[in-house]
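One chain, chain A, links the two complexes that follow: it is found with chain B in the first and with chain C in the second.
Let's turn to the complex of A and B:
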């Protein structure tokens, strides 16, 4: 593979807009994504033969039309089914060709990482059971296949994405039995008024809330899911309201969601060679509209850098989006600790290796003052295949509850190193550009 | 149109052009179908399966005709 001027990782709004901007400036771009088509999670396109459903408010659909026209117009083409495994100590990017199970190394002058966000999901007893998935996971499946999961669905957690999913499930013909929301936005009229400063957010709020109401989906606020159990081939979900009222739901599926965070796990960063910058939700989770602008900004920084010109100023629009996201976060802020300190001992914390809250408590009792790094190395938390993406924040929050260490960040547990995603050793030793190593053993 | 198929834990699974392994398995089977589908974006590793001798995330891997896919190495 020829070394490009710039490697762009990711084909969501930030990656598309960065790749197109670089190509339009005449730079050679290697643009990769783990999937075979551009779009990212937000603009996941239906597979060829499935029924397309026009999801989402006009602002989202218009963005896709704009991005699609943009990359088609510049002629930049996506190298799909290619994973980014990281950058070694010599500044060489390691890419995995997922289709052939081979790797290749490229040396780029600059790298733009636009790998998006991951969902936050709080640990709850039973959240590892079959039939439990993330709201985003259910949403991308719905976008790809055009059909909803069969059977009764419950959506639970925190934040506006749960309402978006409920709306889309209803449009696909299987509205959820309820949406359980940990916060109570109706009790925060001052924050709701602040929302009015963003016409786009008001439009999206109206789009989703009217559809949820029209489909008669109960939106139960101030509710937490405290247990999920297997029950007669289905799931029995127990929820508790702020006043202690307990309600159970029998469903085939539950979608959980407690916000999103940048997917920064293990990501390299640096201003030396190669010049590495992050763009979009993996830099700061501000949503798709901001990501499009941020991708373009990242590309302009790279272009200026390669030409030895002064760096462009940050785009003012990002500040407005940051304020809008802060307002949403205040509106949807749940009461109490995000990760409850009183979780039962048998609650799974690390989904990859089945490590429990009790395992963490035992470790902390035996080794008071243990560092986050030791919690990983000795306790195997954030050690599994997902590399901490679904437990590091939760483990960090519980370490803070322990009260001995002060603030704990997920990074202190996970560290930074490559590969940033699991990659087979067989793939790692098979170089796609070397004819002698490209046949499977 | 001839329907494409792959093998999943010994069963024949039809799929549509461009569909992922996870999409086809979930559509064909019962609610869990033995697949730990969770995040849908290749991040959580819950849906990692063996596909023609390699471990891949079912949610980001396109289905291909004749592939042999299973939940365990055998």
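Let's turn to the complex of A and C:
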């Protein structure tokens, strides 16, 4: 593979608009995504074998038409099924080609990381049981296979995405028995009014909430899931309302979701060589429209940098999107701590290594003032296969409850590293440019 | 009745050597405070393989010290302190060709001369003893009665057992000398002045500037890899696999490797967790990155030893910085010019093995008792010291 001027990682709205902008400026671009086609989280295209279900409001579908035309017009082509595994200490990007089982190292002058956001899921007793998944995971399955899971489904957590999933499940023929929402947006009229300043968000909110209402899906606000148990081959989910009212649901599936956060795990960033910048939801989770603008911005910064010109000013539209997202966030802010300090000791925190809340408490009690790195090494939190993707935020929140350390960031547990995800040794030792040899040059 | 107050020991550095010193000093009756510029095990101790091994030691004082080092692990294991953190296992030193065979044979003579228990395995017998090994490997020398321990786990256990207080983010910048000549009465730190009756310098590479020994101590980086759990493959490999090249890269044998570039010496260590630890490099730098060239080369060599490692995923890469000395031996003893300052540093790639033993020696020195090993080869005075400014 030839060394490009710029490596763009990700083919969601941010990556598409970055790659197109760079190509239009005449730079050589290597544009990769771990998936085989562009779209990203929001415009995820169904796999070839299944039929597409049209999802989302018109604003979403319009964006996809626009982006599609944009990259087709510039002729930039996606190198699919290629995972970015990180950057080594020499500034070399390590790319894993899944289809051929090989790995390539490239040196780019600049790198734009547009790897999107990931879901947050809070720990709850029983959240590791089979039948529990994330809302995003269920959405991906829906979009890719075109069919909903069988049996009763409960959607629970926090934020507007739970409504989006409920709508999509209903459209696919299996509406959830209920949507449980930890916050109570109807109790915050002033924030709801503020939302009116963003007509697009109002449009999306109306799109999803009217569909939830039409499908007669109960949207239960001010509800927390406090326990999930196996019960006669199904799941028994216990929820508590703000006033203490307990309601139990028996379902086959529960989809959990507690908001999204930038997917920055292990990722480098910096002004050194290569010049690495983040764009879209992986820089700041502002949604798909902002991601498109931000991708273009990132490309312009790179172009200016490579040409030795001054950096362009940030786009004013990002401020408006930030205000809108802030409003949405306050509307959906749950009461109390996100990660409750009183979780039972046997609640799993790290699903990879089976470490519990109790394990963390024991460690903190034995080592007063312990640093995040020691929590990681000695507690084995953020040490497993997912490298902290699922537990680092939650462990950091519980460390803060512990009180002695002050604010703790998940980065202190996950750090900057490569590989950012586990990588097959077989593919790491096979160079794509010389697949017969397993000896690096 | 006179109330005697406990003597205060301040330990600079909370790596394995500092932690072991804390443990033995507090058992000897000292009130111990540990000061670390960052946090426990944030230096070499937290980024090491954990061979508690005689196999890889250079014949002479280092090999003798390592034998006592392994004994100390067994004692602490027996006392319950290392329960679950010290794994007894053999080391298999592997030869891939006739030249390596010869190097190994000479090393085996030195080991058995020191009373180390060895077994020679050849051909089918070797492959019955160690499963999943490449057929290209014809012979191995098994060094018995050694083990493995993870530096940060050992450090955490020792600190908890010592009851010492730990000041994190507390950097020691200098010494304050007492009115009484020849003794130090306080440390100047980023958290203010800390008084002590005894000071132990166990600050790894950070000891150099405090001692004025910048030229005697050098950083030597090592890159290491950790795989995901592969319990079935792991179970068939009874001990650590050490290529003959590893011994040569470490200067453990009489056959030295030439060149000043980075050196590779392969060790594949089956961990208790079912994971594998694969190492490592020796590079003359203090920078802590890992690079694709080195990682690929280590993996190619590891797969050549254990072909089924191909089926496993690489989980992490990291690097640690060893503190090396010009003659390959650590500094353990009194710091010239002070009667109440001890130093223990410069353990290069052997500090996990020697750490607990060194802690014991530190407490013996502090109490004026005979030491577990002869310290003359490790005398800090062998390097020209500058007088420490007050």
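Convention: the second predicted complex is superposed on the first by the 434 of 441 C-alpha atoms of A that agree within 3 Å, B and C clash if a C-alpha of one lies under 4 Å from a C-alpha of the other, contacts with A are read in each partner's own complex, and residues count from 1 in each chain.
Following the convention adopted for this analysis, a residue touches a chain if its C-beta (ideal position, glycine included) is under 8 Å from a C-beta of that chain, and two chains touch if they have at least 3 such contacts.
Just so it is clear, the model here is predicted, and its values are computed rather than measured.
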{"item": "Clash-or-fit label for the pair chain B, chain C on chain A", "value": "fit"}
{"item": "If touched residues of chain A are counted for chain B and for chain C, the larger one", "value": "B"}
{"item": "Chain B versus chain C as contact partner of A:149, first or second or both or neither", "value": "first"}
{"item": "Partner chain in contact with A:89 - chain B first, chain C second, else both or neither", "value": "second"}
{"item": "Which superposed partner A:422 touches (first chain B, second chain C, both, neither)", "value": "both"}
{"item": "Partner chain(s) touched by A:253 [first = chain B, second = chain C, both, neither]", "value": "first"}
{"item": "Chain B versus chain C as contact partner of A:101, first or second or both or neither", "value": "first"}
{"item": "First, second, both or neither for A:36, with chain B first and chain C second", "value": "first"}
{"item": "First (chain B), second (chain C), both or neither touched by A:366", "value": "second"}
{"item": "Touching partner for A:130 - first (chain B), second (chain C), both, neither", "value": "first"}
{"item": "Which superposed partner A:378 touches (first chain B, second chain C, both, neither)", "value": "second"}
{"item": "Overlay on chain A, chain C to chain B nearest C-alpha distance, Å", "value": "5"}
{"item": "Common interface residues of chain A - those touching chain B in one complex and chain C in the other", "value": "385, 422, 424, 426, 440"}
{"item": "List of chain A residues in touch with chain B within their complex", "value": "34-37, 41, 47-50, 81, 98, 101, 116, 118-119, 130-134, 136-141, 144-145, 147, 149-151, 252-253, 263, 351-352, 384-386, 389-390, 421-422, 424, 426-427, 440"}
{"item": "Partner chain A, residues of chain C touching it in the complex", "value": "38-42, 46, 152-153, 156, 159-160, 166, 168, 227-228, 287, 289-293, 295-297, 299-300, 302-303, 309-318"}
{"item": "For the chain A and chain C complex, residues of the former touching the latter", "value": "88-90, 92, 94, 105, 366-367, 369-371, 373-374, 377-378, 385, 387, 417-419, 422-426, 428-429, 438-440"}
{"item": "Touching residues on chain B, where the partner in the complex is chain A", "value": "1, 16-20, 22-23, 26-27, 31-32, 34, 36-46, 48, 53-56, 59-62"}
